[in-house]
Each structure stands twice: as C-alpha cells, then as structure tokens.
Amino acid sequence: MDQINFWIGIVATIAFAVTGVLAIADRGVDLFGVLVLGVITAIGGGTVRDIILDVPAFWSIAQIYIWVALGACIVTFVAESFFTQPQIYRWMLYIDGLGAALFGIQGADKAWNLGFGLPVAPVILGVVTAIGGGLLRDILAGRKTLLMSHELYAIPVTLGCCVYVLILNFFPALTLEGSVLCMLAIFGLRAAAIYWDLRVPKLFITKTR
Amino acid sequence: MDQINFWIGIVATIAFAVTGVLAIADRGVDLFGVLVLGVITAIGGGTVRDIILDVPAFWSIAQIYIWVALGACIVTFVAESFFTQPQIYRWMLYIDGLGAALFGIQGADKAWNLGFGLPVAPVILGVVTAIGGGLLRDILAGRKTLLMSHELYAIPVTLGCCVYVLILNFFPALTLEGSVLCMLAIFGLRAAAIYWDLRVPKLFITKTR
Amino acid sequence: MDQINFWIGIVATIAFAVTGVLAIADRGVDLFGVLVLGVITAIGGGTVRDIILDVPAFWSIAQIYIWVALGACIVTFVAESFFTQPQIYRWMLYIDGLGAALFGIQGADKAWNLGFGLPVAPVILGVVTAIGGGLLRDILAGRKTLLMSHELYAIPVTLGCCVYVLILNFFPALTLEGSVLCMLAIFGLRAAAIYWDLRVPKLFITKTR
C-alpha cells in the first residue's frame, strides 16, 4: 500500500511539474524561473498542507520528489516544442487531472490520519494539496489564478474529497476501495471536463458589473 | 469572557466573509471561487497568525468558524443583489470595520498570552489577523491589495494594537477594559474614515514618478 | 563567530529594507505600506524559511531585526530623493546583492545545522531566505516578480548555496572558510551582473508565443 502511494505521488509530481512549466512557458521564463515555478507547482500544495498540519514538509523526508520534479522541469524546458504539440498537451492535461485526483485524496487521507480538524479540515487540506501548488505558481508568475477562471478543476477534487471523508467516517472498513473510487471519480469528472470542454454554468457565476 | 470572545469571533467571521465575497463578486467568480475566497478572507489572517505562532490553526479546533464562513458566503452569493445596494453595502463596511477591530485585538491578545516575541510581535500578529485574510483574497483574485490603496484601514488596527500592547505591559490589571477600549478606538477611527471618506494624507505617500 | 553572524544579518536587513522600499516607492505607497512592504522584504524570506523549518521566526527571538528594518524604512521614506539618485541607488543595489549573499548562506547554514532534508533542502531554504522577502513584496505590491525577470539575482545565490552545501558535506572542517568564500562568490557574481548589466542569455529562456 505504501508502495502504491509512493508511485502515485511520483506520477502526480511529474504531471504537475510538466504542466506547471507548460502553463508559464509562453511568457519567456528563464531556466531558473522554470525550475522554481515547476517545482512549486509540483510540491507547493503538499508543502502548504504540511505547514498547516504542522508536520515536516514531505520533501524534507523523501527528497526524491524534489529530484523528480527538477528532472521533469528540465526535460520540459528542453523538449518544450514536443510538449506544446496540441495532441501531447492534451495528454498532459489528462495526466495533470490524474495528478490532482491523486494529490487531493492523499492530502485528505494524511489530514484524516493525523486526526486534524475532523471532519472538515481533511477536505480543505485535500483541495489545498491538489490546487495549492498551481495557485502559488500563478501568483508568482502574475497569472490569473484558477479561482478566477471557471474551469471544472477544483470542484471535482472538492466533491471527491467530501465523498472520501464520508467514507472514512461511515465506512472505515472500505478506506482502500473508497480512496481508489474517489480518485477515479475525480479523474473521471476532470477528464469529462477536458474532453467536452465543460465549464461552470453561468447560473453559478456572479454577475460582472 | 471566553463566551464573549467566541461571539466576537463569529460576528467578525461573518462580516469578513460577506465583505470578502462582495469585494470580488463584480469580477464574475463562480460559486467555488466565492466559497474559497470568502472563507480565506474570513479565516486567512488568523491562519497565518497561528502558523507563525506555531499553534494549531484555530479552525481545526473550532470548526464552527468554517461553517459560519461557508454559510455567509453562500448567503452572499445568493442574495448578492441585496448586499450590493449602496445603503446595505455601507452597513457591511462598518461591520467589516468592527470585524477588523475584533480580530486585531484578539490576534494581539493571543500572541501576548503565548509570550511570543514580546512586545513587538503581538502588534504585528494583531495586524496580520485583521488584514491577512483580505490580502490573501486580493492576491488570489488578482486585485490591488490594501497596502497599495491609501485607505485608513490597517492604520487604525496598528495603532489600536500598539495601545493594547502598552496596556498589557504597563497596566496588566486593566486587560479587559483595555481590550474593549482599543476595539472601540479602532472601530471608531475606521468608522470615521468610512463616514467622511478619509484617506492617508498626501504628505505620507511616496511620490509617483 | 555568532557576533559576526549577527552583524551580517543586521547589514543585510538594512540593505533589504532600503531596496525593498525603493522598489515600490514610485507607485505612490503610503507610509504604512512602506513599513509593511519594507519589513516584509527584509524579514519575509527568513520567516518563510523558519516556518518550513518549524522553528520560531527569528525575529520573535531577536526583535532587533524588526526595529532595524522599521528604522531603515522610515529613513528611506523620509530621504527618498536622496536614495533615488542614480549613483546612490547603484550603491544600494550592490549592498542588496551583499545582503542576498549573506542571507542565502545563513539560510542554508541554519537548515544544515538542523539536519533538515539534507542535502537538498538547505539549498532550497538558502534561496528562500535570500529571495523570499522580495517575492512576497512584489506579490503584495502587484509587481512582476523576480522569477519572471531575467535578472542574474537568484542564480548566483543558488550556485553559492550549492557549493556551500558541497563544502559542508565533503569538507566539514572548512565550514567557516567555505561560508565566507561562498558569500564572496555570490556577491561577486551579483556585482558583475549589476556592473555589466548581465542577464540570463536567450538560450536559457523559453520562447514567448
């Protein structure tokens, strides 16, 4: 199980680093900026989660995450023209959605196991793990953050983490199955949003003046 | 006393969530963004304070603050046209000023009671509690932050926290009276600034070039 | 040795507060904003480092850093026209580069001595100490951050911290000489970048589209 969790984290880290770099590459960022912003996208959310949980940052214990993120950033920088091909980029979006699903459930799980602010805090920290790194990147890069777009990105994560917390609470025997199910549900919703280009309906958006 | 402190915190949380949502509603934010940005406005300052103080985030212990903030955000989202009426909005500004006064003194008080970096840190952490959430919201929403406007908002809080720390230091017997007095003073200054539309005088502003 | 470390920190704090204020002064900031943004520039990086290290913020123990930063901000505000003279401003840039060198090595050293995430985390936290405050200032002031410019600022710090960590690892007997050497190397590279107006070569910058 720990083994699986580890590989899940590695895949999500690579996905986030690659899409993190691609998101800012069109602004003319130097290699140092690419490394910093890519690594922050990949490990920033988990770092904020760990600070709030008051546990050591996960990458201070398992430094492999940093090396993997750095490697993914360099590869993306060098092979930028490969990754920005529409077909490849679309694949990256799906992998990024998978990363968000994995990080979200892992984050909620970590908070739950520490008994931190049950039951509401695990949902919040799951969402923070999944979108926190991207928010930090956008703030540092001067981009509009996810919260101001109307993408269906954080909402599937939030719903999935809510369901997962309900499972942890009412069906603790089904934790493993529940986590897989919720990851798949988040990824499914996100993939549908990418595939059909779904967005938040107008009804749920405040009126601009 | 704890009872009073609790209700003070609840009122301030509602005020911050409502004004937090109203501040960004004109940008066309979806319901998820409204919830995140409203809750961050309400509990972000206290969270940063608790991280610096290295104590558990207050909402991980008293989750009622999150529920109240979420509820206030949803009500504001649904009844946006009510809250944006000039007369009602003005009332909200006053309540927000009251919230800043309450949060500022509560934040300074918490740092003081923990003996954290006396005497200067309690003032800093009081100000962080009062304005930190709004700063985080503005950064995430891509708005100009309070620090770049010339509003009389943080200055009354800072002055009030300074006076409160002086009282705690030199007249420890008068803590209760002092806290009420300083809250009223902050609120009074802020209310005057709203009522007469006072701003920082030109003399205290750097020259644009 | 502690004595030297202390004075190094004071000089760097003053340098960061002064250049921190000058960087935003042309935007018409009021005295409160000047104080907050100048102090954040000076102590923000070290604060983020200490939060990640989970040790008390350095300024909660040695409050002198706050007083020095506040004093430097006020002097800069009052004597703005002095500091913005091209010749003086250039001097300030060099002192700021010295500050970055000092803060970077001090930050790496602190993480190393705490045994935090060796060997990679000390490099990251050295860089965070040196540039974190400036990043926070730019985010709060709505400026483009260092990461999106192509200045040779963070790169010398990163290289210097890498070399310092290598020295700590392989030649622990040479810690003192190594720290001085690395500070000088960082400062030398940064000074060269200021003097010849060096920037990151195009080859290492992503293509804007």
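The letters A, B and C name the chains in turn, as written, and every chain counts its residues from 1.
Throughout what follows, contacts are C-beta pairs under 8 Å (C-beta built on N, C-alpha and C of every residue); 3 or more make two chains touch, one makes a residue touch a chain.
If you're wondering where the values come from, they're calculated on a predicted model, not measured in any experiment.
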{"item": "Interface residue overlap between copies chain A and chain C, same or different (over half shared)", "value": "different"}
{"item": "Inter-copy rotation, chain A to chain B, in degrees (Cα atoms; steps of 5)", "value": "120"}
{"item": "Between chain A and chain C, centroid-to-centroid distance (C-alpha), Å", "value": "30"}
{"item": "Per-residue overlap in chain B, given as positions that touch at least 2 other chains", "value": "51, 54, 139"}
{"item": "Chain A partner contacts - residues on chain B that touch it in the complex", "value": "25-34, 36-37, 47, 51, 54, 56-57, 59-61, 63, 66-67, 77, 80, 139-142"}
{"item": "Contacting residues of chain C [partner chain A, same complex]", "value": "51-52, 54, 116-117, 120-121, 124, 135, 139, 144-145, 147-148, 150, 154-155, 158, 200, 204-209"}
